[in-house]
Amino acid sequence: MVSLLLQGLALGVLTGGLYALLASGLSLYFGVMRVVMVAHPAFLFLGAYLTYTVHTVFGLDPFLALPVTVPLFFVLGVAVQRLLIARLAPENLAMMSVLLTFGIALTIEGLLGTFYTGSYKSVSMEYATRSLTVAGVHLPYDKIIAFWVAAITLVVLFAVLVKSRFGQSLRATIQHREAARLVGIHTERVAGYGFGVGLATAAVGGTVLALITPFFPASHWVWIGKLMAIIVVGGLGSVIGAALAAVLLGVVEGLVLVTVDATWATMMFYVFLFLALLVRPQGFFGGRLAHRF
Amino acid sequence: MNTVLSLEDVEAGYGRAALVLRGLTVTVRAGEVVCLVGPNGAGKSTALKVASGLLTPRSGRVLLAGQDVTGLSPQRLLGLGLSHVLQGHSVFREMTVAENVRLGGFTVRDQARLNARIETVKELFPVVAERWGSMAGLLSGGQQKQVEFARALMLEPKVVLLDEPSMGLDPRNTQVVFDQIDLMRRTGVAVLLVEQNARRALEMADVGCVLDLGRVHITGPARELAADPRLGKLYLGGAPAT
Amino acid sequence: MSDTASSLRTEGLSKSFGGVLAVDGATVELRDGKINGLIGPNGSGKTTFFNLITGMIKPDAGRVLYRGRDITRHSPHRIAHAGLGRTFQLCRIFPRLTVLENMLVAVRRTRLRELLAGLRDKGEVERARHWLRRMGIEHLEDAEARDLSYGQQKLLELAAVLMAEPELVLLDEPAGGVNPALIDRIVSLVRDLNAEGRTFLVVEHNMDMVMGMCDHVIVFDRGAPIAEGPPSAVREDPKVLEAYLGV
Amino acid sequence: MYAAMATSWNLLGGFTGYVSLGHSAFFGLGAYGTGLLVVRAGVPWVVALLASALLVTVFAVVVGIAAVRVRGASFVIVSIALVSMMNLVVQGWRSLTGGSTGLQVPSPFPDLHRGQTHMVFFYLFLALLALALASWWYVSRSRFGAGLRAIREDEDKAESLGVPTAAYKVTAFALSALFVALAGGLYAVWFGSLDPIFVFSILIGSYMVLMSLLGGVRHLFGPLLGALIVAPAGEYFLIALGETQIHLTATGLVLVLVVLFMPDGILARLTRRRAGPSIPDETAEQRLQGVAQ
Amino acid sequence: KTDEPGGAQTPGRQTGPVKIGISLPLTGDFSEPGKGIQEGYQVWADQVNAKGGLLGRKVELIFRDDASDPNRVSSDYESLITQDKVNLVFGPFSSRLVIPAAKVAESYNMVFVEPAGAAKEVFEQGFKRLFYAAPAIASDHYNYLADYILKLPADQKPKTAAYASLDDPFAQGTAYGLRDKLAAAGIKTVVDEVYPPETTDFAPIAAKIAAAKPDIVVGGTQFEDSVGLVRALQELKVQPKLAAFSTGPTLAEFPAAVKGAVEHIISPVGWSATATFTGNQEMVKRYKEMFGGEANEDAANGYTVGQIVEAAVTAVKCVDPTKECQDKLADHIRQGTFDTVVGPLSFDDQGRPEQAHMIQQYVDGKVQIVLPESAKTADIVYPKKEW
């Protein structure tokens, strides 16, 4: 029993790392742009499919797809922001963005279904099925890889947001667009790049996802609820909060899975969501901003 | 004195709605404070937005230091020495005071110069120094205004547009702001000021313009305007009864 | 509790945000039926004080008593029903509702019958028009509120607050950003309303207005009153001179 | 049926501006509630329908108390979570609900043949639509409705004017849930088979939103019009583009276009009386006088 | 009731083509198998028409796409029957869609032979005209495997078993069918997990199984989860003597998805490309001509539906949508035995087929039929090699 719990805990931490990566983009859009990006998981799977293509057509390691997909997604993000999001009226941006991105998600799903058909695809690498055994606890390599990729991406992301000139101008743009223009920031460009960075995380996330789970065009629906729950629990818009919440929920899920069952484990996400709302509507780690939006 | 900033026969409005500015002409010279007064909704703020490039006029021209800058982006105008403090609150709420002020010098790459400016600004506005690490959005209304002011002065601008800078400021801070304006004038900066605290503003300004419905109705030396009884009744309010 | 003519009393009201003590043990008593002024330097906690009184934020300590009743921690709408009305420092109206609808939102009681009553209840509309007329904006009743000029919006906000027939009206910088001619009008309105028996508490930085209009002035510094009295006295108080007037 | 649901949705969305993608939760609960009462308790279907709608309303009040504490984007997320959660509960609670096998509800009119049954239900849905429309109309004219609109514009301000915002929001939430639950219950007896995955689908919820938005959320007949357009359009895409998943893309793109170009809906487009501000232009002289008075 | 469809037969219609209405999930969750079934139907229609049609009339298939949506599947059949006035209907894919579809067919008195509604619930609805055109219902899929296991000598016989199943009537049905038989024979159930379709991470389930160290592992799976489970079991170093999964391993993508771990995985299968049952080789050949690829189980099931209906129609000599004719067809199907590409089929009163699925196993990377003895192409390997 103890070893089972340990195993659940270890897996939870690793999975939580992945969740953190997947949720970080969402948190970013919201934190810096007040956009609820329902299409994020759809982009994740678009990334997964591209990885699949690179892997099957060129026979490359999935991670070698990143130099292609990351810039591609960045550009895509810039385009989505500049061409679509930027046209929304600011008064009800949060609401309208949900619907807009919902439309985008459907569009992507439809396109994936058309080009790749509805069947399952998966990318499996030899190293992805082996595992490291520490003190009787098995740590699958694919999860370890996912965890580290997630961690590195998050650290880079965070550094960019907090420290770089770009991060500063991004935040300034969100908070007061006119004032940002008046200090010399190219606000449209910056907002576009911000979105691009968010989508770039989806490219990384997609690759990792492709490696550890099979997928089909409608797979993204499953993730919306989970990721949304994570970012609310973490405090909307807080990238760090989302990361912490992701690990927390990953662990809870893992433990509940090994002790109770899968239905309850998934349910934990929503239980925590409602708990978070009742106890701290701004999220466990959220700032003051949360409940204003 | 040479003209630094001028709006010539500007027509402008928002979206497809009716015009707000209908043929506005205003001129500001170096070392001069021009004060725009007028009722709420007259188009004063709109005039400043046109001048700083936030809003592109539908017709007319904007000249900065003799150069036609109509339609240029605020970023470009900033480079040409123009600075604009918006009406209301425009601090970056979720950033610290420090970050706000630093962003004022966003276009400055020279760290030493930036740091020197920061010191100067901190001296001018003690609150800024005191609350250096706080989130700007948590400051009181008046404190935020001072942060904005500090931010705008980071670049040592040659032309400053101020939109109701004293709004919400307590008397002491209002004095600080007016002293600053005076200081800028003396160092040769041109100031285009919008104020509802009209009597006070006209007292210190060089030129006054009465703006209503998108046009300048009366222009003249500020002190004379202040004394104009007709104007007093319509725009400046009666002397407060005691 | 004394049975003095006090409509509103606060006792040791405190609120801190993170490290900042915004309101620090403020004990204040308003003069009933008078125009009370509240002045103080930027950041001295005036707006926070308003928010505490009206229940928009919950105090860390202290009590708010209205007509002897403890209303601390009541929800804002209950406090509004008790007879307190307020305006906001940065004028807040409902931008996409018409001027008349803005007026009709104000609710005094929550009896079911009233709620279900038609919006265009004759009596209510008449009352709304009455207030709009007094503000001089009755010709705008069908305009969407966002299309009004800032000054007109300020008047609308005040009118809507008055719709609920509050006994105590809290105004946060009614003159801020308002053109001087309009300030005169607001001053005379406040005077008239006061003559009709309404108590006022006005936060304002426009000294001419405060000194000219108020019967009683309270001076805040660092979250607590440092002086109070009639305008003439307050103006001479050295503490006030030092903390606020800055001369 | 869709028209009735969209109109019900609009009782919440149109007035308060709270966009709920989760109304299919109430649809599903209404359906399952009715179905279970008929199947397990042997209650006559009319009674079951009303009883379950009532239960759902009570449930909505409880959920509403938690859900309306958060605004804007968080609310959307919570509503999505609600659907996923209900889906899990119904699937997981196999002994009561039949889990993923679904629930089979006997037809209430075994003697009528199908065409006639359809007619009966057509009129029932029509009646429900009429009821929902009437409620919307009534609310829109009441002070309650004015309060709800005020909440949409500025919640804190409304509160300070004495509007008990929390109670209002929960009431609107519950009211709109009531109608959706009725629709769900009718669906259960009409259609006969309930499958958790389809009954608790975010797509149904988002169709309600799409219809309302397309038609115009501020108009009585907006959602109805939207439903009349969206439902056949969906069919059309399916038939015209069939075979592949491109029809999803088409639906997605329509959603994107609506959000971008007609955020206020078709009716708002058609009925817009004026382009500019609603205030007549005054002349300078009038203004001067106005100020001087 | 004269407005009943088909009630007023005009002589002209009896000479037109035989219209067969079918709704299938061509898009949405079940789109892959849905397409397979469609191809099976098409191959059948093509061959029937080449032979001169049904009762001398050409067969015309009318397809609708229900997008895997049960609302749509019923309105599709509704309109096929009332608007298109089809002579016959064939079933859709998946138990989830079969039930609502059968309801409609039943209320119009149409015979409803379906290729893919295997869950036991399908047959508990009191349908009188529904028949499942495959060897066995879900809970009987593993019957041959159960027999095999129970006949093993005591020292080889597994003592413990772990079950993990997707929350889906069909997938669960298969796993529980086996579980109940083994449990009755004293093989202990040490893990019995049900996971919702949203599940993407199988490691914790595998961890539970690992902790219980079962002798055999049985998965009631579809595709995605079968892959996920295999990988997770591998990672957590669970090494059972036997691993069986429903559906997943029968799909062509499976070996690529799990790589080497595929070896010796077992699953029930209702059809084999190499079997020599009536018409099977012709079907395989024609399929290749028409669609290029290899036929699969789904296509075979579709084809089977055609074969059964064809036999019935030929026997009773009518294809009208009238109650009399459809009743005759139903009675015939209920009583007869039909030679099909999946072998001879007969049905009980609820429409359940009374045969059993074969058991396939990956041996040296190839799919082989290992049970029953009579149909086997290779010997079953037990215990399996480690993955």
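A few notes on this one:
Lettered A, B, C, D and E in written order, each chain numbered from 1.
The rule is simple: contacts are C-beta pairs under 8 Å (C-beta built on N, C-alpha and C of every residue); 3 or more make two chains touch, one makes a residue touch a chain.
Chain-to-protein mapping (UniProt): A, D = Branched-chain amino acid ABC transporter permease; B, C = ABC transporter ATP-binding protein.
Note that the coordinates shown come from a computational prediction; the quantities given were computed from them, not determined experimentally.
Between chain B and chain E, the least number of touch steps comes to 2. Common neighbours of chain C and chain E under the contact rule above are D.
As a whole-number value, the distance joining the C-alpha centres of chain A and chain C reads 46 Å. Centre to centre, using the average C-alpha position, chain A and chain D are separated by 29 Å. Centroid to centroid, with C-alpha atoms defining each point, chain D and chain E lie 38 Å apart.
Of all residues in chain A, those that touch two or more other chains are 113, 118, 263, 266.
Within chain C, the positions touching two or more other chains are listed as 148, 179, 181-182.
Listed for chain E are residues 27-28, 31, 167, 196-198, each touching two or more other chains. Listing the residues of chain E that touch chain D in their complex gives 1, 3-4, 26-28, 31, 65, 67, 69-71, 74, 78, 82, 95-96, 99-100, 103-104, 107-108, 119, 121, 125, 167-169, 172, 196-198. Residues of chain C that touch chain B in their complex: 17-18, 20, 39-45, 47, 89-90, 148-152, 173, 176-184, 187, 205-209, 211-212, 244-246. Remark: chain A residues 1, 3-4, 7-8, 11-12, 15, 113, 117-122, 124, 126, 128-131, 133, 138, 140-143, 213-216, 218-219, 222-223, 253-254, 257-258, 261-263, 265-266 touch chain E in the complex.
Chain A makes touch with chain D in their complex at residues 30, 34, 36, 84, 87-89, 92, 94-96, 98-100, 102-114, 118, 217, 221, 224-225, 228-229, 231-232, 236, 263-264, 266-267, 269-270, 273-274, 277-278, 281, 290-293.
Residues of chain D touching chain C in their complex: 138, 141-147, 149-150, 152-154, 156-167, 277-279, 290-293.
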